[in-house]
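Here chain A shows up in two complexes: once beside chain B, once beside chain C.
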Partner chain A sequence: MLLARTQRSVLPGFGLSLGFTLAYLGLIVLVPLAAAFLKTAGMSWPDFWAVASSPRVVASFKVSFGISLFAALVNAVFGLILAWVLVRYSFPGRRLVDGLVDLPFALPTAVAGIALTAIYAQNGWVGQWLDPLWARGIQRLSNLIPWVNWPEFLGVKLAFDRPGIFIALTFIGLPFVVRTLQPVLNELEPELEEVAATLGANRWQTMTRVVFPELMPALITGFALAFARAVGEYGSVVFIAGNMPMHSEITPLLIITKLEQYDYQGATAIAVVMLVASFVLLLCINLLQKWSRRYYRF
Partner chain B sequence: MAALAATSSLAVKPSPHGAGPRVIRNPWWVRAFFMTVALLFVLCFLVLPLVAVFTEALRKGMSAYFHSFTDPDVLSALRLTLLTAAIAVPANLVFGVAAAWCIAKFDFYGKSLLTTLIDLPFAVSPVISGLIYVLVFGLQGWFGPYLGAGDHPWFGAWFNAQDIRIIFAVPGIVLATIFVTFPFVARELIPLMQAQGNDEEYAALTLGASGWQTFWRVTVPNIKWGLFYGVILCNARAMGEFGAVSVVSGHIRGETNTLPLHVEILYNEYNFVAAFAVSSLLALLALLTLLLKSLVEWRAKKGGA
Partner chain C sequence: MKIKTLILATLALGITAAASAKSVELLNVSYDPTRELYQEFNSAFIKYWKAKTGDDVIIKQSHGGSGKQARSVIDGLPADVVTLALSADIDALYTNGRLLPQDWQKRLPQNSTPYTSTIVFLVRKGNPKGVRDWDDLVKPGVSVITPNPKTSGGARWNYLAAWGYARHKSGTEEAAQKFVAALYKNVPVLDSGARGATTTFVQRGIGDVAITWENEAFLALKEFGAGQFEIVVPSLSILAEPPVAVVDKVVKKKGTAGVAKAYLEYLYSDEGQDIAGRNFYRPRNPAVAAKYASVFPQLQLVTIDAEFGGWTKAQKTHFADGGVFDQIYAK
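And now, the complex of A and B:
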């Protein structure tokens, strides 16, 4: 009964439009995606496991997923502040800033990559001030807590090291949190806060007990979207990451490296792990959005 | 429906509670603090990169800047980028309208599954988007042996004679671009057409209009701003795509390089002025996209999309 109509309609074109949609979807999306899974199905389980658990691949997973998580968290915090400021405060240039938030969607990732590198490299506008500070901070941290390998964990410079990946992934994920929060903040009636105030809540209590619970589903959705996008990101990261194997090599780059060595099976095996991870994320995001829609009944 | 490209959609209605006089406000120093943090964040991550592109491009003066565009490889990359977008955008436009028509206008089993499948390309890493086409059309792939440079006894020879290649050639670039821009128009139109309902179409049909007449005279005028919105987003991504195209392109200078790929080549050759000059072209495209996007949103807010 799948794809059968539940109700007759006098509108024409159901068969034509659905047929075309399914054919196009199948040819462009489903068949090529199936190719990846079938290619992996041709591998034996030990072969697959040998690729997916090889140290360089695992290190790249840690870099990609770990830094994406961190970037998405930072985006959640700053995105919340930015969305709040854009919705609640009026200031000259608000429209401009609001329009600029979508820049990471519109700017080609390669351009973003080289531009961020130019700014945060050791001789860049921000890098020339921040880079020595970072190096000194890591040094200080190593003296303070010597049992953690800080230079390995946080990198010793901004560009061409792990912080560079973080910068690129934060840039890429920035619009997601802001754009998922903005409509919810718009709908959030100020009367709610006024009621809380008349009932004797102070500003802090109003924020933590009234406002944040309302924003939470959208905030988590935005966070998940930013994370999902960051995990797969390639263009903006490769220029600024330094791409050192086992240290600052992201998984998408490793896939390309394997492809360039004609190791198609290896590349596909890694890709399948990432695909499964992103499909699980997609599922979570779908559920989250259903949840947040149920949560908001205005 | 997953909002994996969570751009502010036209279907989101503007709210009555904007910035206005309010009884309770945070103290001024709290507001000043949040404003400063937010604007610093925007400055470091959005404004500076944009300014950097143009400053670096003009570092050696105007003549060096314009000289970058006389390189025939840049011109051929520009041509290929325009060609790719000229195929990918209309293809996804037709698909988007068809998908939105059957999803928004009819009820059928499996509708939400179909909607999720349409969003799938947004969940896939660009690099993997390219890889899957290599697996299908590459030399070791499913159709590889039958295509140009393939070794299938009959088809390989025929395609060799026709010199039809897909991977490391223009068709692969176009296919990968279609994949990554696949959901843009559809996901913009579906909520819009769902919100508009079928009443106007019913009225047209009752008055004796044919199906196509109803579509062209009633539906299309109603969704034109949503269509335009989807198309500009789709176009921006089509012209700027890097990862997916990089995998299938083969990086043949003057032949299979799009503008973003050419930026990478120039940058890796330490030809920074030229790299940023080409980038500035793409940055201008991004700014134009944002401007058009804001205009459409402003129009939609003023009086119905």
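And now, the complex of A and C:
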């Protein structure tokens, strides 16, 4: 199959560039990942399972994957609005806002974590107003729906609790959604919407039938990138999470904890589970994207 | 022509200068709170070494969590000397890579610890919760800040000090375990390192008491003014011995064995001891310690060897996966 295609290609340099691609990918991506797998391969299967299924590790998986998913969803919604505004409207300071979007990319994550913690802590600028509100809201929710353990589920504080993790992960994930959507939005001419309008579509129909089908693949990619980034994030989260075992401990922190005890194998075992889970999730998202592209084609 | 001569002359001068005075470089890999101590000590040692041998020595420092630092050295960071928070982390250099001999701790006086410290409490101004001793930390409504003992060497000392107090008071291991569990129920945030915990307490305003190194507590007073915080010394605490060692494998390769050894030995000199005292570490030398007697209050100190059977055993019982600390948080 590969050979057949080589012969058919009219562009020169395929062999060289493919060789370079594979070597580069192998060196930068595959070799380090393979090292993680090799290190775990030294463990017996029951040992591996004991590490991967211990209650604390499982709890951290729930926290890491759950909150990352939620943060990526929120970013998908608000990132779309942001990208839309930046592309479709021109207003004074647009370039400045556009530049601001990249800040979470550029800022060292530890700085982001410290800054967010300073703002959202109980004595911070925002935290001193919002924190009591959040606590009261959770209290009210608990009275309203008593059979869910809301303080455990949503946390009672902003910083040093689960909402803090959510804040940090939303912060670092935002640029991924905006930057993947912008080029697609740029390509999407306003004339398309005008045509839809002249053909009698109302605004809702224009949005759902014309605009969204074009944006969907990019939106899913942006979502996937934001999600993947959030799952692996360590630097900013540890400052704001409170790091309570079984409650607000993220998986990367558990990996560091294992390393701190010179338990290299245990650490790589958790890493391998994360890798496989992330890979499967990204694969599913890719398939979803492919499907959406076909589904919306007309 | 003139310029050329000038350049040549400068070059020649540079070469002769380099030939007469050798320049060596040392890397000291240390843990978080020693930053200020070693800044001062390094400049003192550079002067001493220049006067003694005529050689210039450049000392680079690296700071971070004690365990993380040890791991960097194991993974290849070329540290000539390590000055870490607990001997278990230097033991790890032996067990993972044989970077130094097993009996490294016997090579320098007093367990290779030129200075000691202990664990005390930092409270807010006026001590609003009336914290006097360990018993006050388990009372309901008192919020305690201490880092995660699984990621922080300092936090392990905190934990063991609490355990030591409870054991001495009640006499049984079960009561001690219950006491420590009750204490951690009052901990709202588990930072990953000692500095992080201090920041949480001092700058974020979280918690009523921070359990911390004595030197870190003094440093907080110095940095933020004595008006904001107070130090409370409990009736019993633990003798924290942060040890130092030459990393044999590295100095052999770099040819710095002599200067590295002299560097650590200078910590025991009168000047080294004085610098330790100035930076709120308790000097080992009785004469220098006497000078700082008014700074460091006397209290009953238990040792890790007598109380817990050494670091290796304490580590295994309390902080390994599934150990006593994990059981506190198991549901």
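By definition in this document, the second predicted complex is superposed on the first by the 245 of 298 C-alpha atoms of A that agree within 3 Å, B and C clash if a C-alpha of one lies under 4 Å from a C-alpha of the other, contacts with A are read in each partner's own complex, and residues count from 1 in each chain.
Here is the rule we go by: a contact is a pair of C-beta atoms (placed from the backbone, for glycine too) under 8 Å apart; a residue touches a chain by one contact, two chains touch by 3 or more.
Everything numeric here is computed off the predicted structure, so don't read it as measured data.
Trainee: Touch test for A:182: chain B only (first), chain C only (second), both, or neither?
Mentor: Touch status of A:182: first partner only.
Trainee: With both complexes overlaid on chain A, does A:159 touch chain B (first), chain C (second), both or neither?
Mentor: second
Trainee: Given the touch rule stated above, what does A:78 touch, chain B (first), chain C (second), both, or neither?
Mentor: first
Trainee: After superposition on the shared chain, which partner residues are touched by A:245: those of chain B (first), chain C (second), both, or neither?
Mentor: In the superposed model, A:245 contacts chain C only, not chain B.
Trainee: Tell me which partner A:261 touches in the superposition: chain B (first), chain C (second), both or neither.
Mentor: Once the two structures are laid over each other on A, A:261 reaches chain C alone.
Trainee: Where does A:209 make contact in the superposed view: on chain B (first), on chain C (second), on both, or on neither?
Mentor: Neither chain B nor chain C is touched by A:209.
Trainee: After superposition on the shared chain, which partner residues are touched by A:136: those of chain B (first), chain C (second), both, or neither?
Mentor: neither
Trainee: Mind working out whether A:122 is in touch with chain B, chain C, both or neither, as first, second, both or neither?
Mentor: In the superposition, A:122 contacts chain C only.
Trainee: Which of the two, chain B or chain C, is in touch with more residues of chain A?
Mentor: Chain A has more residues touched by B than by the other partner.
Trainee: Quick one: is A:107 in contact with chain B, with chain C, with both, or with neither? Answer first, second, both or neither.
Mentor: The answer is first: A:107 touches chain B but not chain C.
Trainee: Which chain A residues come up in both lists, the one for chain B and the one for chain C?
Mentor: Residues 118, 124, 239, 253, 256, 259 of chain A touch both chain B and chain C.
Trainee: Mind pulling up the chain A residues that touch chain B in the complex?
Mentor: 1-7, 9-14, 16-18, 20-22, 24-25, 28-33, 35-36, 39, 78, 81-82, 84-91, 95, 97, 99-112, 114-116, 118-119, 124-126, 167, 170-171, 174-176, 179-180, 182-183, 186-190, 193-194, 197, 203, 206, 221-222, 225, 228-229, 231-235, 239, 252-253, 255-256, 259, 264, 267-268, 271, 274-275, 278-279, 281-282, 285-286, 289
Trainee: Spell out the residues on chain B that touch chain A in their complex, using ranges where they run on.
Mentor: Contacts found on chain B: 1-8, 12, 14-15, 17-19, 22-24, 26-27, 31, 34-35, 37-39, 41-42, 44-50, 52-53, 56, 94-95, 98-99, 101-103, 105-110, 114, 116-121, 123-128, 131-136, 138, 140-142, 175, 178-179, 182, 198, 201-202, 205, 211, 214-215, 233, 236-237, 239-243, 246-247, 259-261, 263-264, 267, 275-276, 279, 282-283, 285-287, 289-291, 293-294.
Trainee: Looking at the complex, which residues from chain C come into contact with chain A?
Mentor: Per the touch definition, chain C meets chain A at residues 65, 67-68, 71, 92, 95-96, 148, 150-151, 188-192, 196, 200, 203-206, 319-321, 326, 329-331.
Trainee: Please name which positions on chain A make contact with chain C in the complex.
Mentor: These residues of chain A touch chain C: 54-56, 117-118, 121-124, 159-160, 238-239, 242-246, 253, 256-263, 266.
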